[in-house]
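What follows is chain A paired twice: with chain B in the first complex and chain C in the second.
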Partner chain A sequence: MAATETQFPPPKVLTYPASAPPSLVTQGAEGRLYKTTHLVPDRPCALKYRPPKPYRHPILDARLTKTRLASEAKVLERCWREGVPVPAVYVMDPAAGWMMMEWIDGHPVRVGINEWLGERPEEEGETETETPKPADEEPLVDLMRRVGAAVGALHRTGVVHGDLTTSNMMLRPREDAGQANGSTTGVDGVVDDKAKAVGGDVVLIDFGLATQSMSDEDRAVDLYVLERAFASTHPRAERLFATLLESYGSTFKKAPSVLVKLEDVRMRGRKRSMLG
Partner chain B sequence: MALEKLELEHVPTAYQLYAGFFRDVTNAEFLHAQLLSRNSEFEYAFIDASSVISRLHLVSAVYSAVNVLLDGTLRTPNVHSEIVVSLNTNNNIADAYRRWGITPGKTKDLIVVKVVPPPSPAQDETPTQPPTQLAIWDHLQQHVKGTPTPLTDSELSQATDWPKVRKYYRLNGVPALDRLADEQERRKHSERLAIMGMALRGL
Partner chain C sequence: MDITKKKRRIALGCEGSANKLGIGVILHEGDLTDPSTCTSTVLSNVRHTFVSPPGTGFLPKDTAHHHRAFFARIAKQALADAHLSISDIDCICYTRGPGMGAPLTSVAIAARTLALLWGGKPLVGVNHCVGHIEMGRAITGADHPVVLYVSGGNTQVIAYAEQRYRIFGETLDIAVGNCLDRFARALAISNDPAPGYNIEQLAKRGGRVLLDLPYAVKGMDCSFSGILTRAEELAAQMKQANGGGGGGKGPDGEPFTGADLCFSLQETVFAMLVEITERAMAHVGSGQVLIVGGVGCNERLQEMMGAMAADRGGSVYATDERFCIDNGIMIAHAGLLAYETGFQTPIEDSTCTQRFRTDEVFVKWRK
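So, the complex of A and B:
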């Protein structure tokens, strides 16, 4: 831990005193995500930090960092105003390269799906699992519908995410779900735990690559990226992706034409022009 | 004493933050005049409480201003005016003073914020002692003619002029708010949007 901390110095803002020390949650190619607090100790937040890149010219580096943070924040605000489930922005310092935003409780959709699938027998092993029982799978199917609806809501506002994966979506437990679930449990605790893993509200996160676009092409590529990511992360649930698309198709007026475009994209891959 | 010491996350302990709330203030003209004449005894942020939603909303602005102060990139004369400017969603300073600052003849409920930075070393041989909480409070009580009130969300909400806040933070016709039936929920969401608007100031 100490080694990693010396290797990656935190942004200056995190060196000032707080009720709890910040923790490094994850590290990407462009930035790092810390969990810390905003203003008061009981208000957790995520701090996204884009450290300066020593290999870039300082002026260019500062400008790139600033524009990228600013565009991410603008997209988040736009989504939030339109009611798309995304984290709220709390405070930012584009010049210093950081932004504090709402901390989303829960786990990534990826973890939820894997937890659900984890207890199932391997499909290759027994032939009787070839015919899945629909009622049994309902919680997972419903999650796919909710993901489709969330992506649809995002696209409706004129934003494409740019990096849709099941890791970039959180499942936030519903506030009232605790008691509601608790009272109906009892019969089968295992089933209930699994249902809980795929329950909750879908919240889209990480808009670092998001752009504002209304074109079918960009939206279809967004779905295509998700489809490919989904197939490689959850091969055993691949057949359920159709449910997601079906739900997406009913979220806004132009969604059906995006799905038609998706067919084209599948045929040729993500890049329309083979340049770059 | 109704002057509260604010403790905010990620603020160096050497910086002391105080805030107070006065209702039914009768001498806004006098206080405004002190700011205009740059009277150094009146280094306060005077904020019109009718444009403020909650404590969180208020301290968001205080934090932004202190962050800018630490950074050394103040865009206004001092950290106190910076607090007022931080409440705005754009970079129009005059606009910010008019909307969130103290306005003669209009401001009835007043929030006062005082930032006491650590004494700057090696300036002169006479290091000025930072004023104590008691001294600040005495000075405020002497000059602000109004009713000292605890700086709580419930007191603040009584002063909030919602039509004004909705206009300043462009909260009219926002889908995320219009779909909410519960008034309490809507206020919570409005607060979030206001803070987000401030965070994105000038972008």
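So, the complex of A and C:
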């Protein structure tokens, strides 16, 4: 990560003197995520920055950056108010293209699941041999239930995420979980204890593509995206996806009809044959 | 003789899925068992375009009539340019789809006729989109690019994986070229040589203001019909203003011109295309972009794509109008690649279809 830091100029807000220098966490197609502090040196926060796109007309670029950031903040605020586990928004400057929000400790659900399954996700070529079923996979099953419940809570408030993957969910260690320091490893850090790897509270992150919608169709597509992402990221845990859906189905009144709609979406696939 | 053993392989390709009739001849040389020795040479590339009057589009019936009327002339020209005799040609390739029904049918029948007339040459039906992609790769040397395919009938972001060109994003309604063509009709911009080209030239005189148009991107998909509606409304406002009716003011309070509209439309739709391409690049982890299709010869689009690619440390590959715009040579090239792997379309199956998705083709010739 350190090598990439110098590659991009940071946003102006990060150029002021600080007790701890900001660090670049990830770089996506949309923007960059920095870790820095908010108001006091011991309160870490995440700063999401959408840099100007050199190819876009400046007026169009400013308009898009502003409206997208504002809508992301609006969605996050709505979720936070309704008790959906999402990071809290601290402060933002839509015109400058950045938003500061709560730093979520822990690691992504993807890392937790892979840790539990005891495999590195990068290693391909392994044949799909049937792994012996662990004697007690209850902690993993429970994680699937918690993910289902978190997605259900999100949909209940009328928000669809737009890009649900196991990378866009964090596992925040519980403060009362014995170890006070919890897991403070980085985003891709390695967690040694298997049970601890899949423990903690599920927090949904990255609402860059989120929209407000109450329709069964949009919710079902959201689940379908997660299902496909899950199957390609964790082929060995695919069978547990049913647990996730089962848990989702009991979170709000209209959830069962979303699951019925999901069947349609699966049958149809994402793309239809079209002619311009 | 077995085609895989031949050192020189020649195909004739016939394209006519829209308003261009193109016939070309390509030569593949080298040993098929060692791809590094294989080269492609364009022997001829002849095209004739059906141009409709300003304010109108090309209708299937008239376009098919154009193709029928010109086919023999263009085919003779292509053979003469290539300095070949009929016996040198190994196979006849034609566009199987997607495209407009009537023009596709005319060219499919003509290709079939050639095959029979010339002593039973094998026929190869080619997917038009795959033709564009393979030609773009051959001309630019882009090896594993994310492909933006933009034309009058198609708008897709494509990347190759496991024997198929997979569609990562596409338009949810009309194609970007269709949006530009229909907008050109609203302003009665000439269709000669192409409406998109004339919009591009007119846009160079605009740029004083950027008019507010909808921007519709959803993940890696996009939509153009709302933008077209709004652009047509603005064009109508402008006409009213020119007639002394008032209205049609830009953000600076001054009346806007057709050039301003062309500029704003290009800036908006191209920004959308570059954005979905960038997302696909981030998704598949590729640094190369290849732009193919008729809209791909727009230099402003190439410039914007270049700026995005440079920002990501990658590069953009594009071709000029000879290969971007529909042509016969791309059908010959993609068809010959398939033919070299043993693919053929038996004459009784040599149909064509308006709907033929890019990812339906099994790409046997790539690793």
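Operating definition for what follows: the second predicted complex is superposed on the first by the 234 of 276 C-alpha atoms of A that agree within 3 Å, B and C clash if a C-alpha of one lies under 4 Å from a C-alpha of the other, contacts with A are read in each partner's own complex, and residues count from 1 in each chain.
Assume a contact is a pair of C-beta atoms (placed from the backbone, for glycine too) under 8 Å apart; a residue touches a chain by one contact, two chains touch by 3 or more.
The structure displayed is predicted, hence computed values, not measured ones.
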*Applying the touch criterion given at the start, work out whether A:L64 contacts chain B, chain C, both or neither, answering first, second, both or neither.*
second
*Scan A:L209 for contacts with chain B and chain C and give back first, second, both or neither.*
second
*Name the contact category of A:A29: first (chain B only), second (chain C only), both, or neither.*
second
*Partner chain in contact with A:E77 - chain B first, chain C second, else both or neither*: first
_Greater chain A contact set [chain C / chain B]_ = B
*For chain A, give the residues common to its interface with chain B and its interface with chain C.*
none
*Touching chain C in the complex: which residues of chain A?*
28-30, 53-57, 59-61, 63-64, 162-163, 209, 271, 273-276
*Residues of chain C touching chain A in their complex?*
98, 152-155, 167, 170-171, 174-175, 177-178, 210, 215, 219, 267-268, 271, 274-275, 278-279, 281-283, 303-305, 307-308, 310-311, 354-355, 357
*Considering the complex alone, what residue numbers of chain B touch chain A?*
8-13, 56, 59-60, 63-64, 67, 70-71, 73, 174-176, 179, 192-193, 195-200, 203
*asked:* Help me check something: in the complex, which residues belonging to chain A touch chain B?
replied: 13-14, 16-19, 36-41, 43, 70, 73-74, 76-77, 80-83, 88-96, 99
